[in-house]
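Structure first, commentary second.
By written order: A, B, C and D. Residues from 1 in each chain.
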Amino acid sequence: MTATGHRGLDHEEPLLFEQDEPGRTGVDLPAPKGGQDRLGGRARTRPLGLPGLAEPQVVRHFTRLSQRNYAIDAGMYPLGSCTMKHNPRLNERVARLPGLGDLHPLQPAKTVRGAVALMHTLAHWLTTLCGMPAVALSPAAGAHGELCGLMTIRAALEARGDARKRVLVPESAHGTNPATAAQCGYAIESIPATARGRVDLAALKAKLDGSVAALMLTNPNTCGLFEDEVQEAARLVHQVGGFFYGDGANFNAIVGRVRPGDLGVDAMHINLHKTFSTPHGGGGPGSGPVVLSEALAPFAPLPHIVVRDGRPRLVEHDGKAFGRIRAFHGQMGMFIRALAYMMSHGADGLRQVAEDSVLNANYVMAALKDDFTPAFPGPCMHECLFDDRSLKDTGVTTLDIAKALIDEGFHPMTIYFPLVVHGALLVEPTETESKATLDEFIGAMKALARRAHEEGAAERFHAAPTLAPRRRLDETTAARKPVLRWRPATPSAAAE
Amino acid sequence: MTESPRVTDVESLLRTPLHDLHVSLGARMVPFAGYSMPVQYPTGILAEHRHTRTAAGLFDVAHMGQVTLRGPDVHRRLETLVPADVQGIAPGAVRYSQLTDEQGGILDDLMISNAGDHVVAVVNASRKHADVAHMKAGLPGIAVELAEDRALLALQGPGSAAVMARLAPPAAALAFMTFTACPVAGIPCGVSRSGYTGEDGFEISVPADRAVALAERLLAEPEVRPIGLGARDSLRLEAGLCLYGHDIDTTTTPVEAGLAWSIQARRRREGGFPGAAVIQRQLAEGPPRRRVGLRPEGSAPAREGTEILDAAGNAIGRVTSGGFGPTVSAPVAMGYVAAAAAAPGTPVQLVVRGQARPARVVALPFVPHRYKRS
Amino acid sequence: MRYLPLTQEDRRAMLATIGVASIDDLFVDVPPSARLAAPVDLPLHQGEIEVERTFRAFAAQNLGTTGVPCFLGAGAYRHHVPASVDALIQRGEFLTSYTPYQPEVSQGTLQALFEFQTMVAMMTGMEVANASMYDGASATAEAVLMANRVTRRTRAVLSGGLHPHYRDTVVTYARYSDFRIEALPLDPEGREDLAARLDGDTSCLVVQYPGFFGHVRDLAPLAQKAHAAGALLVVVVTEAVALGLLETPGAMGADIVVAEGQSLGIPLSFGGPYLGLFATRDRYVRQMPGRICGETTDAEGRRGWVLTLSTREQHIRREKATSNICTNSGLCALAFTIHLALLGEAGFERLARLNHEAAIRLADRLASVKGVEVVNDTFFNELTLRLARPAALAVDALADARILAGVPVSRLAPEDKASENLLLVAATELTTDQEIEALATALGGVLS
Amino acid sequence: MTERRYTREHEWITVDGDVATVGITDFAQEQLGDVVYVELPAVGRKVTRGGEAAVVESVKAASEVYAPLSGEVVAVNEALAQEPATVNADPFGKGWFLKMKLADRGELDGLMDEKAYRAFLAESH
């Protein structure tokens, strides 16, 4: 323990509120002129309790906080189903160009022609890559896209006077799938997986009838496997008049090589913050455009972009649309970044993205097949899945492996997901990792596997991580006695 | 009447950067304005004309002059040579105008683009050197520069917007008569939404050494085919657009030529351009003669120079452009007639091969323009 | 390809390790009919130079709000963003990190979220806030769904002073959740009697503060009537800077406060990404949607932070979750937090005052223009004008003079013919007297 | 007071007169892990057998407690709100969830006794 509590470059940093000096500010603004206000007597009389700091203190505060984060810039992020790939800085530059970054969403059309053309161009790339005729750009993230897609489906069904009540979701699905279906007023039924880690077509058939609104399917699925019977599944759903919703979370595996439209998909959201490299920013913002089939396109939410008189235009009011799911036109800042990424790769580069991401995942699986137990026989797509059979009787758990990986300098893979595999470890390297990095990761995993079988391994693993800014945190107390905000030690006027 | 210089010695003809490409595409090359240019490709003029009206045609117009004018107050200064409201051109916009002489005659017609700190003028190939000399003399202190290192391509037709949307997405946002700097298939270009066919289309200024690459890239698009001078002439004729040296020259004024629309209100009021007195009078009192459209009743085309008689047989003017209109699928012509006979519907006679044949004055254009105005 | 590290030699070696002959052998599960033999019909890869040129060309076709007179508001505002905000959020450790599910290596993001939640709770006068939503409109829809859960009722009443796009978003969410919405007609004068719409099945009243048309009203009586009827009061704020000067919604009795946070640290960016703020009372925290960061200790007893109460969320509760939201607006929340940290109590209050004073100058100058009537008696930094002709025409004409005059109400609610002549104009700390003069002169021109 | 009965959903029931006390079994709390939150129904609420009666949450899991019998809730264990850990420490004692007035004592016959429940655990886990 050091005198300061700091550990070399790893600084302990108090909360902003603990550095407060009332009256101090980090922004110099002109002095107000004073005089009568027009607030109708609603002016606030008590302070809010915001902290006062000067600019250097704020800059240092957040710089120190940043140094306590893992990031893709710093190392590999093998998070399955999250596609944490390199985020090009060119995207950041162009998103900030005057004439793009400083546009107000409600400017007159004639002053934003380039912006609308840009959105139209993004739409062209997305629909071409997906082999689908239309795309709704407005959803703010993947889950928002799912909501948009299911609302579109429900609108299309209601338009043909066909009220359906059930949505089918595989056991292995992301939690957002059932949550979204429920938010759209549907009853959720889950479909079991086969021993091959794919949707059980027989079980699907058994559940299909005229009351099924949609099947929600991720492909490649969350086990990292391509649903080889997907076209048959789509045919069956269409046969009973239902729609096929594709979850595009794993699009990175097939972009430029397989078009969802050719698989029978009616609607699919695309996470621009996964496949198309817009930065994840510690939890957003994302962007989740939804590609749509001919049958669904007319019901897409507002706004629409239509080409009229040889020019793309923004349509903000339209009868057939099912409504509006946000204030304005979509995550423009993310559209710019994603389009810059697409144009940088081009049709040839994007195809290579899919191939390299699949190659990297299969390479990791092959290299670790004797140290960990692959959940299913290969080949996998862009991510490889292991279960915890290899840890049997060691007392070491999947969680322990994840935490120990932190001490080895890697971010943990996705763990305990998908739920259909016991003690799942889901590894997605992505195409932007070099072979050297993969070999280092493989080496670390092999070492952990070996140590897991040594004497007293359990205790040592339970202690990990020991080299991170923090050891394991007490999530139980956090949930039992929630402390969700800072409060002044001595209750002041600022506190409620 | 100013004619294109008659060059017989083919070897001495100038060549555009696309010359070898034209030859390799099987074009029939002819002398035009001192250049060896493609008059048609193996598919033939009719096919090229129809293709441009239905899909997209690529034209080599690199022989035309791209002139940069730079200097203090250049917008206002240029107004001393042209009747257009140059100061009123919004940044990024293009305007059509004419260089006029003291009698109000037309020295050349041109496109003027406001590039903010400077102005770009596109002038006719046959006149470009004369125009530059004229501008230099008329605009002391303004740097007038004829770009020798740039080529000009035109992509015209209803399919051109889709092509540009793929190869130059920002250009898809352009309105008719506006321009922007924008890469086309990765090649840095200047693109304007304008043309000489009456169709939607784009004119692309490209560095000469990248012109062949750009042309080949454009021709690789499914909609695009190369189009020669022959179809270019029939297209502009159907669109009722003037060809300098034929429909307009120093003997015609903008008002007689039906180009008064290109003289904005402020200039009409204030004048201050060569020949303003003549032109303002013609604007007020009407011109003695007018350029009109002519539709021969038979199937015999009336060529340039054909004499125009009124119903009573009195000579009232001459045809300045004429030929078969593939889209109209009938002969069409333009010419000047006495103002009294200029009203659409007026019956006239055209003397073709010594025989007077019935025709009618009609409104221009013969084929409606399909520009993409905002 | 500059973003792809694998060399042909790497690829050969890796295929050998895997034990397959070619990459195609790894795509065997894809039905042959769905395998693309060649790249799709899109342009090939390009370098930074070409790509940047293309985006500059897109930008050149637009009129940015920087450096032109701009009075646009209606839920998105042109404010100053301190230089250090953008510099800090572009640090790779913030920009390129994932959702902090692994707290040991995410303390930076988590501590910032804890500070964000605290600031949001402070400025709204509430007890607890979540780690952000997509934007103000979707946050409002989620607030209505939450009020329905809390009260076990199914009918929400929306004020006619609520942003029409927010109204439309709530109506859309509710329609598909089978809840009933009563949206009152647009209320430019701020005269509606919202409480009169309360009944035994009303889960909440939704009111905007300041209102869409700019009015600043006392919400306390509304809160009392709502509570008396067993309903919640949901307060919506689309201009967060107003909270620097106005009484907090919490102090007036709000149960849920949602807001658009764009005004603090976030560029206009043509409408997104923005930042949804969501705050409520401690007693409702388990019905609150979205991620929440909480304080705890690590194995050595040191203070640290984790995402907590996650059993409300989709990845655990699946179809029983409070919301389907997953990715939110993390980096925008960070920008918001940094900007507010730079301002501090004093700076935030001063910023708000400058906005209000600019709006007063704007209102007084425009009131003197023939054909312009100022509708508001109270306002913060945005107000409503009634023009002598349709507002959209005037705005369009002024755009030719490179003046962004404001937002015609008809742009957002074309169905409401009565408001065809209404124009919303906003002023901020960036609005100069010259800009106000330019607008007044030009507006006078198009109205005469 | 009758002997303890069990359901296949791992709830336990004891009956005193026509009032039944309901909790979750030791096996259930084991499976859940550290309980962090318990949501109990309002006193006076009518519940029907198999209907949702309460919610019990650990850090990473949440599960519904279904009413093993039909009737009216007459009391709930308020102490759990403050000390949810009691459910782990003493599931069959201080960790009880709620008391309900039975609507139909006949429903008791459908429940397992200690022996049957052990057998059920053995075969199913």
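One rule holds for everything that comes next: a contact is a pair of C-beta atoms (placed from the backbone, for glycine too) under 8 Å apart; a residue touches a chain by one contact, two chains touch by 3 or more.
Predicted, not measured: the structure shown is a model, and the values here were computed from it.
*Asks:* Hey, which pair has more contacts between C-betas, B-C or C-D?
*Replies:* If we tally the C-beta pairs in contact for B-C and C-D, the bigger total goes to B-C.
*Asks:* Determine the centre-to-centre distance between chain B and chain D, using the mean Cα coordinates as centres, and give it in whole Å.
*Replies:* 89
*Asks:* I'd like the Å distance between the centres of chain B and chain C, where a centre is the mean of that chain's Cα atoms.
*Replies:* 51
*Asks:* Taking the mean of the CA coordinates per chain, how far is chain C from chain D in Å?
*Replies:* One centre to the other, that is 44 Å.
*Asks:* Could you state the distance in Å from the CA-based centre of chain A to that of chain D?
*Replies:* The mean C-alpha positions of chain A and chain D differ by 38 Å.
*Asks:* Could you list the positions in chain D whose residues touch two or more of the other chains?
*Replies:* Each of 37, 57, 59 in chain D touches at least two other chains.
*Asks:* Can you list the chain C residues in contact with two or more other chains?
*Replies:* Residue numbers touching two or more other chains: 42-43, 46, 50, 54, 56-58, 60-61, 311, 316-317, 320.
*Asks:* Find every residue in chain B that makes contact with two or more other chains and list them.
*Replies:* 166, 169-170, 173-174
*Asks:* What graph shape do the protein chains here make by touch: line, ring, star, complete or other?
*Replies:* other
*Asks:* Kindly provide every pair of chains that touch.
*Replies:* Every pair of chains meeting the touch criterion: A-B, A-C, A-D, B-C, C-D.
*Asks:* Under the touch definition given earlier, write down the residues of chain B that touch chain A in their complex.
*Replies:* Those residues of chain B that touch chain A are 161, 165-166, 169-170, 172-175, 200, 372-374.
*Asks:* So in the complex, which bits of chain A are touching chain B?
*Replies:* It comes out as residues 110, 113-114, 116-118, 120-121, 124, 309-312.
*Asks:* If you look only at chain D, which of its residues touch chain C in the complex?
*Replies:* 37, 39, 57-62
*Asks:* Which stretch or stretches of chain C touch chain B in the complex?
*Replies:* Result: residues 42-43, 46, 50, 53-54, 56-58, 60-61, 400 of chain C touch chain B.
*Asks:* If you look only at chain B, which of its residues touch chain C in the complex?
*Replies:* 90, 92, 166-171, 173-174, 180-183, 185-186, 188
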